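Each structure below is given as structure tokens.
Two complexes come next, and they have one chain in common, chain A, joined by chain B in the first and chain C in the second.
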Partner chain A sequence: MTTASDDQSPRWLDVHLHLLDRQVLDVHGVPIAVVDDLELSEVPAGQEIPRDTSPPVITALLSGPALATRIFGGRPPESRMVRTPWIAVREVGVVIKLSVGRDTQDLSWTERWVRDHVIGRIPGGRHTPKGEHAQSNDRGGS
Partner chain B sequence: MKRIFGLALGILTAIGGFVDIGDLVTNAVVGSRFGLSLAWTVVVGVIGICVFAQMSGRVAAVSGRATFELIRERLGPRLAVMNLGASFLINLMTLTAEIGGVALALQLVSSVNYLLWVPFAAIAVWLVIWRVKFQIMENVAGLVGLCLIGFAVGLFLLGPDWGQLGRQVLQEVSTSTEKASTYWFYAVALFGAAMTPYEVFFFSSGAVEEGWTTKDLAESRANVLVGFPLGGLLSLAIAGCAAVVLLPQLIGVTALSQVMLPVAMAGGKLLLALIILGIVAATAGAALETTLSAGYTIAQFLGWPWGKFRAPAQAARFHLLMIICLLVGIGTLMTGVDPIQVTEFSVVFSAVALPLTYLPILIVANDPEYMGEHVNGRVLNGAGLVYLVIILAAAIAAIPLMIITGAGQ
Partner chain C sequence: MIITDLLRARVFGPDFLGFVSDVRFSFDTSSIGQPAQLYGIIVSPHARSSSLGFERSGVRSPWPIAALVRWRHRDSFLVRWADIERIDVNRIQLRKGFERGSPSLP
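And now, the complex of A and B:
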């Protein structure tokens, strides 16, 4: 499968090697999820595919309870999966970087819930250790 | 001074691996039963952990990726979940044991039953994780833990017959009463303790916490080359003390107080106080290491934000998970289970976790996409492959040996 990056010739990506199980970082370099599954554009099932059809493309990265089904088989209900549209992907390197912030993402609702109802309420929970470098986890790249 | 502090991560990691509460006792047991005839396993283990910790630290410094992210990426979900389960149980059991260990050490000082100390020890560990800067945490726990050098001092003060100790190193089984299977059980246990997977989880995540980059590769190497051999040295000193004092008297080690007996004989109260301080710091350090490792592994596997460099609210699930682990630890200890025995069972899980942890590190350390020009050299790859074979052999042998020997009884 190929994807056109900004200006260069198409770059080959192996779904297993480069996309699945990769860490996803938001625009600020904060980890939000791991790619559990991918959503592809519709391939008609059970019909013969005409020769000149364009190959399916990745439409979204999926995260959610896909882990159990990837191990044991089956399919999780679509409503439980959280989609990150492929258009939000800025860069695929050793991590997948998005061009949006995590608060615009549904991916981290559990994180928000735990923050607002548990951790944020314990004294000192919103205190950033002083003098610590503002490390963004945003190094490396490809 | 800054140089010494720069090495704190390696020292703390090694202390948590080599002289945590289970290993303190295991080393003394081995010394009192086999003399120094198992010293070679510690040496083999030190070299092995140096090889892989060096790789994991380098990967973290160059690519900013900690070890468990790589494990899931390279092994896929199925094997990674097996590793996660085994590693997490090792972490949970070890952190339970370490909190018990802090409490046991405080009991020696205070004569208050250790169960009463358990909640305080756990809360102290949590407060450090909640509030204290990573660098301060590693400096204090690592450097105070170095008081365990008192065991080496004690060994010299005992004035042993060095020639005889040297001969023990070269013998296989030093006493005729011990079976070969027991000898090999302890060989595997010591090797497993030296290479226990939470060391690389903690070391690589610590490298990310400290924000190491390609510029810090020399520091990473220095941390590995100082920290782990130091840990191995402490472990040998404990075994040596037991071999000199307890082996000839046929005293079996069953409790922490017997571990310190040789030191008390050699150096009196002052050295004993130093050792107890060292044990409190080392077990507390190991508790911090394993608690954080429990958080690191799960958060990295599931892609959560993690790390002490973030405010707890910015890594909420990571912190909640560690709180739950500590509560489980307190609950387990309150049942009255012997903290030291808890660690013995973690050997079983090491059998699964060891190969599945070190293989992905070796793969990624060779991947130019991550490492650029800093991929492994041939020598390191050769050593890594040799050690994967040793690890696999130890992993396969661990469970049968444990059953045959009744965990070294």
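And now, the complex of A and C:
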């Protein structure tokens, strides 16, 4: 995992400044989510932390319905938050780039479900419209 | 634990010190794939909110906003993970003799 700046080590990440609300792009540069929260490895909460305890690490980026809880307090149900494992993060910069495609992530399951069960059942919905593929190739695949 | 359990929590030494305004992680770029470790928390005595990036030492503009944010976060300090004694719901207790570091980003 790298940052968009130079490669001196160590590097620092401030949660508000570098991670929260950042857009997440998959390996093809397609936006798939924003970072609403971070999941940390186990922290001994509610008890004294021994001085030699290893610091927690970021285990996943979390995305979900966090707007209401940010305004009114509390936290969204864990079941509503979708995890992106931290190990899939390739670069942290203006956006967060992943090393995997969006189809491998739970984040885009609704989009895939609608594609497979709704759009795909509409006549003509399972292929790129004629001519558009060639046009997009002429535009450089954008 | 999720990070919003830490953000905006009240921080106590012997007495009330402030709120967690940000959480700092470190990682070694020489090791690809190494996880980001929690380095410390930034405690702001007067504000729960973020410092909007003005904790970076070279950021001074636009000056009215920079001045306002720096004033709201005056006397902020960084506490390293080793100095955190206990984490409860919305409350963090620091060890006796904890050290106050500079919150500025290099």
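Assume the second predicted complex is superposed on the first by the 104 of 142 C-alpha atoms of A that agree within 3 Å, B and C clash if a C-alpha of one lies under 4 Å from a C-alpha of the other, contacts with A are read in each partner's own complex, and residues count from 1 in each chain.
What we mean here is this: a contact is a pair of C-beta atoms (placed from the backbone, for glycine too) under 8 Å apart; a residue touches a chain by one contact, two chains touch by 3 or more.
Since the model is a prediction, treat every value here as computed from it, not as a measurement.
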So, does A:A33 touch the first partner chain B, the second partner chain C, both, or neither?
first
For A:P65, using the defined touch cut-off, is the partner it touches chain B, chain C, both, or neither? Pick first, second, both or neither.
neither
Which partner does A:P85 contact after superposing on A: first (chain B), second (chain C), both, neither?
neither
Using the superposition on chain A described above, determine whether A:L13 touches chain B (first), chain C (second), both, or neither.
second
Could you look at A:G46 and tell me whether it touches chain B, chain C, both or neither (first, second, both, neither)?
second
After superposition on the shared chain, which partner residues are touched by A:G101: those of chain B (first), chain C (second), both, or neither?
neither
Partner chain(s) touched by A:G125 [first = chain B, second = chain C, both, neither]
first
Just which bits of chain A does chain B share with chain C as contact spots?
16, 20
Once bound in the complex, which stretches of chain A touch chain C?
1-3, 7-17, 20, 37-40, 42-49, 51, 54-59, 62, 66, 69, 75, 86-87
Write out the stretch or stretches of chain C touching chain A in their complex.
1-5, 7, 21-30, 32-39, 42, 50-53, 55-56, 81-82, 84-89, 95, 105-106
What residues of chain A sit close enough to touch chain B in their complex?
16, 20-24, 30-34, 63, 67, 70-71, 93-95, 110-112, 114-115, 118-120, 122, 124-133, 135, 137-140, 142
Interface with chain A, chain B side, in the complex: residues 62-65, 69, 72-73, 76-78, 80-81, 130-134, 208-209, 211, 213, 299-314, 316-317, 319-320, 369-370
